[in-house]
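Please go over the structures that come below.
In the two assemblies presented below, chain A is common to both, partnered first by chain B and then by chain C.
After this line comes the complex of A and B, so read on.
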């Protein structure tokens, strides 16, 4: 039995300007002690998936409309809120991107850490305080006894993230969800924090879901990866396999569009044309089709499901032999994946069906179509990313 | 009002001359300082100190070249860029653009120079006026400098839209109606409007989604080839800087610590900070990541309001520790000096940094002999 099992999760947000299709049937599994990556761009649903797991979706807009989340075999949807509150922090902990907003600015670190510990463990104040000192020492904060009296703003960004890690690991959770934990940090500080995270979680056998847009971080930190696009998992494999043999056009595109520090001179970048899709449109066809260089006519009509790369393989969902699965009608060959573009003689990406009106790829999106999020849905904008907005002129124009 | 041309570059052509020698630098910055005062008190503001954002930066950029300026947040790279295009009035030092000293230029002289140096900003959301149409934004520099007739300007704006890959028919739209990548294209079109020689691009892609970044990088590269542009490319992401730059300058706490050709900096860095920075950049390839050795720097960047004495990096330097904490690092500020042709570094002990970051990273603990020989 996997530690965490997510099956066909569907999350939607009802807003006054329509439904946002944030997560559209995501399944994922986490084994005890496994470190896995959830990678994708802003608005791909990676954060929303995890908020849904923790039952922390903003209400009443965000709703789980389908699927199941099981933690240690228990269906989390059926658990009462009081029990869920116990589970958060004790069994599943979370670290967010910005430690300043996840720490209370008017309480000292001591008050916050002692509160967290005492909320879950029956220990006295002094004992909780000793535990807090020990935790701060573990995460490499100098002079922890004095630093406990500090307020969050008196720490640097990297130190704050260390405090967050200390608090998240205070109760020795079985699963840690780290949502872009180092995105706000400088690269030398990122190296410190990632090293710390890796050391502590592997020492304690904590399973980690690392949510990030940075393929470099995924490559160094995780054993298994799910690549998400527009609320779908489009490819999953072990990290080694995914980077060595990417097979979904989106993964291939991502790997070719980021410059590598160790690249040989003059290697051109191959951008993914167009922009991420507007999640306020009900998904029809493959979500990546408008930007895909390998698309077939079928891609416009039918969304491929996540299937093993080799048909007939016995499906391994977790572990070091996890099956490589993709959701694609026309996967690039190994050669094409290496080149970053289709190599077939005379192949032209299928044009959108004539009947499509207002589709992202028709190039016919009109300005009136674009509604800006109202201030009240700021949280939504943050979740979906500002780039969740549709993109009028570019597609279909070419350069 | 342009300062008298200094002796060192007296032979260099003025801004009016059409074709200066191609090997004369387009931009020469020496010992640039930009301090921001810290004051205390409400009525009688006392000057109690300075934030030394830029503390003695020297660099030069040749015509048609891309110089990458890389460093972590707060190192002063953006302030340096803004001082160079004279959005600030530098505290000290000299900026010579195409033979003209512009350090203290004001008014119309400054405006004349600004036509030739433009800026692209990081955030395409806040750098475009939300109340102006895209065409208005792109055409504004033409209006300010009163270039051409109204019709000519309109044509030029349409042309600029085409150049950066936007549909000219969308000129009447407002910034919020465009996606992030398209907004950055508008920013690029605005920077191109006056046919500048130099473009200072300050983190032009870091606010964009990963899949969009390459579009803008490729656009900038294409434009450089087409118009012979010179770039000062400021960014924190060393992978991106290495990709786009001919040469790279690494900045730490207000100073440049190393300058080298992009490839050389990657293959054979000479400053311990560059080594750490290079080793910290994650590489999207698990096969490579497995075998990498990171130099993990301790602590945080000190405050630029109270930079450490001597070498600014000495408080976090792994090399200094390895060498048994020589006193020099704390007392003497190392000068940026040429170590190999075209490769400058500001470190007293650069000869002790060897080979690739991986090799150096292994060395501190694995090479006891070296430690002995110094202490």
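After this line comes the complex of A and C, so read on.
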């Protein structure tokens, strides 16, 4: 049994401008003591997945609409809030991206640490304080007895993140969710904080979900990786396998957009064209299709599921032999992945189907803008005609 | 490493470097000393005058002259500070507490509590403050406690809205999410993490409201809705009596007017200074 099992998790946000399809059926497993990487661009659902695990989604907008989250075999959706509160901090802890805003500015470090410890352990103030001093020393804060009296604004960013790590590990949690723990830090400090995190969690056997958009961090820290895109897991493998043989076009793109020291001179960086899709539209087809160089006509119509790379293999979700799985209709070959572009003779990425939602969307935009300015109706009709769109309905005009 | 003086210590230090705020503090000090020490600062009685010495212009014996009943005007202005301070501070404290509790419930728990509190404040805010106060005095009758209640009622919705707004922002802040991720209870989060952080704008607002409350007290007094006993040395009431004789005895209008303005400006300058020194964006 894995420590944490997430099955087909679906999270949506109901907002004033419609539904946001944030997480669309994500499954992942975390074994005891392992460090797992969760990679993807901003807004791809990495953080939302983890907030859903903690049951900390912003309410009432964010809702889990499907799937299951089991921690040590217990379905977390069925647990009452009071028990969930005990679990938070004690069994599952979190470190947030921005250490500048994750500590309460009006309370001293001592007040915040002692409070966290005493929320879960039946210990006195003095004992909790001694524990806090010890923790601060462990994370490398000099003169912890004096620093305990300081306020967060008297610490540097790196030091604050160390304090956050100390607080997160205060109760020896079984799982630590680190949400971009080094993104807001200087590069030199990043390495120190990562080293600290790695040392402390491996000493204590704490499992870690490391959320990041930095593949360099993943390479150094994790054993397995999940690559997320637009609320889907698009590729998962052991870290070594993923870096050696990336097979999803998005992963290939990510790897080619990192500058490398060992690249021969003049070899260009290949950026991923375009931007992530608008999650306010229900996913239709592969979400990566509009940016993909390998897309087929099928990619526009149906979203591929996450399947083992070699059909027929026994699926091992976790462990060192975890099966390499991808969600792609047309995976790049090894040579193509190395080159970062399709090498097949005469291959042209499939253009979007005529009836695609894209046309309707731009029609909506054009009409909306023109209605505001109340134009001559022939002009509007001509403009819409030029875009291959039907005439606007009567009631839509001159609002 | 810089020595820590705590959040309030640091704010105080910044306030002392702010010249307008220092001026405000000075004016408030004058106001407070007059209010507290009036009976030691003047040999005269604020209620009984010497009719033979009525309507005297300022002299060495009567620095601000005397009024229609021969009472020393300076004495009445000093005692007037006491009335303004008592009524003003108690009204603002009452508005702060009532509005604070309502805003904390609305912003901290949301849902139907929020809806009810916000609709009630909407209704109260729809009526101009001074009109609301006049209505309450007309309903409860004249007197200083009624005056206090009237002014408190007109400022309660302001505090409720302000606190609710801050709490709504704080509810989504990283450290509140962090506290929740550490397993803190909702009460603990509200009382320990959200309220202390939402309190500074409320304190700034209270200082600024005190300035307008002093003007409101004088305004209601001027309209004849002040203390029951017209002989009470209340600044607004004093003005009403004096306006009839503004050309013959202008000092009777000038000095209470200056007193009202001084107290109001003092609290205004302090409020602005506090806003600057407590603003987290200016934190160094």
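Definition applied: the second predicted complex is superposed on the first by the 353 of 399 C-alpha atoms of A that agree within 3 Å, B and C clash if a C-alpha of one lies under 4 Å from a C-alpha of the other, contacts with A are read in each partner's own complex, and residues count from 1 in each chain.
Throughout what follows, contacts are C-beta pairs under 8 Å (C-beta built on N, C-alpha and C of every residue); 3 or more make two chains touch, one makes a residue touch a chain.
Just so it is clear, the structure is predicted and the values come from calculations on it, not from any experiment.
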First (chain B), second (chain C), both or neither touched by A:120: second
First, second, both or neither for A:186, with chain B first and chain C second: first
Chain B versus chain C as contact partner of A:156, first or second or both or neither: first
Chain B versus chain C as contact partner of A:106, first or second or both or neither: second
Touched partner set for A:284, first chain B, second chain C, both or neither: neither
Which of chain B and chain C A:90 touches, first, second, both or neither: second
Contacts of A:58 with chain B and chain C, given as first, second, both or neither: second
Residues of chain A touched, compared between chain B and chain C (which is higher): B
Partner chain in contact with A:254 - chain B first, chain C second, else both or neither: first
Chain A residues contacted in one complex by chain B, in the other by chain C: none
Residues on chain A engaged by chain C in the complex (per definition of touch): 54, 56, 58, 85-90, 93-94, 96, 98, 101-107, 115-116, 119-120, 149-151, 153-154, 164, 167
Chain B-touching residues of chain A, taken from the complex the two chains share: 41-42, 156, 158-159, 186-192, 195, 213-220, 239-240, 243-244, 253-263, 265, 268-273, 275-276, 291, 367, 370, 372, 385-387, 389-394, 397, 399
Chain C residues within the chain A interface of the complex: 1-2, 4, 6-7, 172-175, 177-185, 188, 192-193, 196-197, 280, 283
Contact footprint of chain A on chain B as seen in their complex: 72-73, 125, 165-167, 169-170, 173, 176-182, 208-215, 217-218, 236-240, 242-244, 263, 266, 276-289, 292, 294, 296-297, 300-301
